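In the two assemblies presented below, chain A is common to both, partnered first by chain B and then by chain C.
For the complex of A and B:
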């Protein structure tokens, strides 16, 4: 079991044993099919969800173009643990915050937006 | 009965009471039910099954399994059938592939004579120049390519997909896999057990009496377990994230193949080992086969593989082969024990093995040479699970090293042992897997504590000599005709990385994909560069493990189609279907221009049910509308509708439509048909992630209402015949909405809008009454000449009015100010989606504009996407919509042009696809017809 970093949060799902995973470079296939344990619907295949990517706060509309375009186009492209947003479009239609290791595909936190602390 | 068919054998799988006849290269043969194509041929004394890829050498059975590189044949319409796996069926027409004119006299075998020239890279080096000759080279070389014949007329069969959710999936049905499945099931897990061969058992199937007894016990235990689903003649093709496992079930009763997509809570890999061929001169002659192949033939199919054998053995399998062959009446001319340093140097013969030369120089006459020099671990699934198998020189094979918590390995991937030891290990793994599967299940249900994974016993490894190549050179890759000499030559030429050498020589790139040859290639290449590659590298196996038909991947066509409730009427009236995303809509009913004239002069009705409809309720709906639309909504009165445009955060137009206020806190938003889903998600995104405190309740009701637009000067008369709602022009004005009863149906709403440019009422009726309302409109409008019109007529009329269509007249770069809706974009609103980009767009200027364009020659209708060019042929814009207008009796267009060309009266040149140019003028108004909108406000 990989270690969990950060405090556990309200309405989160616990770390999923199933998602204790392997280095991405050892898996050749383009097909990725994760199990996401939706807090409302339970374990579901990732093709029920929209991936919305990194969570990026929206700047004020009075901001300068450079800041706004960072919001539109620039991504941290972290290797490792990432906080990202998914939309359970074919399920409960709730937006979720997920902490996923994009190298191993381990998922350690799934919570409705607003249901966790950030 | 043929002299090659033995008396009944204890483990035989053939049914001697049932004869099966088939043809081989046109000649009729007989086998028994249970035979494979290859075993039936062997029983008839046929030893040559194919010609090799490059040199067209005769080839016979090598592994006698699915993965036999020499046993691919054509069966009827189907090429590349694995003859050593495919069970014989009555009437099969089997023939050899890649031979000309025949298998026995293959003229392409002259390639052998020039084999020194067919060295690695031969094609690249030889056919490079002159370049102009390449098409000719390609045609000639194509004739030499391997493979069977595809019949383009072949009737495509049915393929299935199935989803499965086992607690434990076991890949491999040998003793360890079977024991694992039984133990997991006994521990309460639901199990899928997958075996590539037609029956469970692995090597026990062709083993001795003790093996057969153990197999019978295991089979009985599995039979008794209802929690185990057995899939034989099926293969685990891939393992993906979170144990998403694909299984291909072959040769099903009602479908050609079935793809099982399984989410296994735990995976057990029990794929075992494949026997490895030995590299020496003549190692591909018919009659040279692996010990497991000889034992399969004798023990499973009761076929005598030859008359006089030399056996090279380094392990128990070779020793067992000696015993089996003796029992089968094969004369054992010599046994070479590799454990004592004895080996084979050369096999020779014309059509098959005739003489074997051993390491002492002794020549022995034999028609069968059996080798048992070691095992290759089937590590593909381990690789896909992230394992990096490690080469264990003591065992002369790779073994599993590290696996994630949801995968375990057992059997030959882990070590060796007696049948009892394998069963014991498999059982322990099965129990552990069931335990872990339970933990996964509990975690999915919200549990936070995990059970310990539990200890797995280890399995010892038998000592085995490392044997790859003799002192002579021979074939490493049988399917690609790559020899050990070729690999050494490649290294000499500088291909010192196995990855490069592999691609240069194509070793491992044939239909067997390295399963049989990869380890030998690694060993030989390592020999060339003076390093043991086995110890420093591993091959990375990617899915699929075995070939999958394209039809299997595709499965059945399950693309959903959407029809409006009025579809039966459309079909009865010969509507030409238009595919619009998932919707099938009437494009027209025969003559779209006549439909336009009918609407403009009288009244027409169109089914606009696919229009997106979102019911919005709550006190904060105006705030939401203010945010997602570019225009203002806060002062929208009850009973009014307004047109709105939505932009994304980059200012690009994403959708448009009208929204009406039906009650104090009740609104109905309409979207484009194609944008309905996207807008719904867009609103949900803002409401959930940015404005959760807003009081807005949203319901998508696109399918809940059928929508009919009644358009034309007589539309008020027609709608008035069906409703008590007051339609008086002064009391129900343009851009207003009313709710009420229409044609006796309550809970309708209708709004007065004008996409077509005519007086029109869009009636939204609960979907179940859509057809009723439509038929009422047709019936009550009969004397008014009511005409059904389709999407094409609507598109013509909206173009006459200069109304743009998002995605047709806009593209992925069209920001709000580019389409002539500057009046609607309210930059004084404090915030709305895309606002900063729109501010900068306006400030920057220089963006393309959407304008109405008319050609000088009214008969020319420039095709959409025709380019607008200037005098120096520079592209300045393009035609986005173009039609012949029956109302104006001329061609009309919308176009995106550069800012400098957007003024009314501007002259343009339009380049047509045939290269000619037509002159045109930008119109002063975006509407070609009735720019003042007087027809709307009657």
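For the complex of A and C:
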């Protein structure tokens, strides 16, 4: 008796939870996490850290409201190298200054806030 | 003025049989030395603005300069959700106008934009989100927008594949139901606006990058592009994720940070999911296209970037959350994932209006939710250019609100919901 291949075909691979078939758009970085070398804890994945944004000098608290609001809201948001602050929330719980290229995601400097490179 | 080509089923058949070439949809032009208005960015915002300038105000000496191809930014990468059930009065009113414009856009542009009002459902998994939804529903109703809180039993009827039992980690307690919401074909919206604007005389310059803005005593006098200079007195920044860079060319700073947002799509299956489903608590949303693919999205990436890379973290989190909502889709496979750049603002409201530089306008800050606003923003920005001042609908969204400290409060309805 002829078998209809469609009806009797079974899956050869076990069911998978939403498997990734093809790598995503890989321009500007592969399908990997950012690895940050914490000066206290060593190399760690980015999901151990909290991103706190670009470093902006804080005006003194008795400044005028307009200057204060500029500090709160306005951002350089440049493309390329940026100096930014991260918090190692699942590690040493220290604030870090990091220089990261936000196009290539390269990191060239990591230092604890309050260290020599503040 | 050239007549735009018409499309019909008859033409499709005759062209298919005769294999004769389709007429050109728009002309390529030389870069003119002067334009009345230069629009930077060939996404839905730039193209819609060009179209309404020409159609509603007869301003046709307009150039759209796009560094890549039209729709190459967020407008070609979004998940195409359209809705108006926002949290604030100014937000709901504004987006409701856009829904109205979308409803007749296909006939306005004579281009099928496939707008399907299948309903938009935002799930509540906690008492506090149920409370916000009641609040949103009341704000919406006062604006005449169809929006209501519904029970798990009603949810099950509208979307039988959702797990509405009390077994999941975050059980579904209710939902905000918004029947006029839905999805649209994003590429078609971009192409439709481009074609209609071009037919009215607008020049669309692809592969033309803006590299500088000439400002003389606080007034725009021209721009520099990769194909040469243009003299103009009016420049509109419609570059979303890149808008800080364009504004900096005019010496204007913006309260914007650029973050990637990722999305993914599965293999196609038979239609089973009619409405758009959003879960704020699970940071995810899903809709099914007419082709049968499930389109997923989530929140923005955890740090700023101008790179459109995809991450494995996104896919694994997404899969975990989606399976909690719809356990039945465990065997489906993802086909693609991608990212686009989003121009995030501190208050999740857009920034539309003039700047400190005369003749330099912004229509930015569209974050993860700006595709749906394309029609209303284009219409309002065009009116602002023609009248010389922002109208009522966009008044609350000026750049000066950050100096005055009068922010909008849209985060509760815009952070994940798109």
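Quick notes on this structure:
Here, the second predicted complex is superposed on the first by the 86 of 118 C-alpha atoms of A that agree within 3 Å, B and C clash if a C-alpha of one lies under 4 Å from a C-alpha of the other, contacts with A are read in each partner's own complex, and residues count from 1 in each chain.
The rule we apply is simple: contacts are C-beta pairs under 8 Å (C-beta built on N, C-alpha and C of every residue); 3 or more make two chains touch, one makes a residue touch a chain.
Keep in mind the model is a prediction, meaning the values are calculated, not measured.
Of the two partner chains placed by the overlay, chain B and chain C both lie in contact with A:65.
When the two complexes are overlaid on their common chain A, residue A:79 makes contact with chain C while staying clear of chain B. In the superposed model, A:95 makes contact with chain B only, not with chain C.
Within the superposed three-chain model, A:37 lies in touch with chain B and out of touch with chain C [touch as defined at top].
By the touch criterion defined above, A:47 reaches chain C but does not reach chain B. Looking at the shared chain after the overlay, A:105 reaches both chain B and chain C. Residue overlap on chain A between its contacts with chain B in one complex and with chain C in the other: 15-23, 26-29, 31-34, 65, 72, 105. Residues of chain A that touch chain C in their complex: 15-34, 46-47, 51, 53-54, 65-66, 69-70, 72-79, 82, 84, 102-105. Chain B contributes residues 238, 240-244, 263, 265, 383-388, 404-406, 436, 439-440, 443-448, 450, 540-543, 649-650, 681, 684-685, 688-690, 692, 830-831, 835-837, 840 to its touches with chain A in the complex. Listed in rising order, the residues of chain A touching chain B in the complex are 1, 13-23, 26-29, 31-35, 37, 42-43, 45, 50, 52, 58, 61-63, 65, 68, 71-72, 85, 87, 89, 93-95, 105, 113-114. The residues of chain C lying in touch with chain A in their complex are 242, 244-245, 248, 253-258, 262, 266, 302-313, 315, 318-319, 322-323, 329-339, 346, 402-403, 405.
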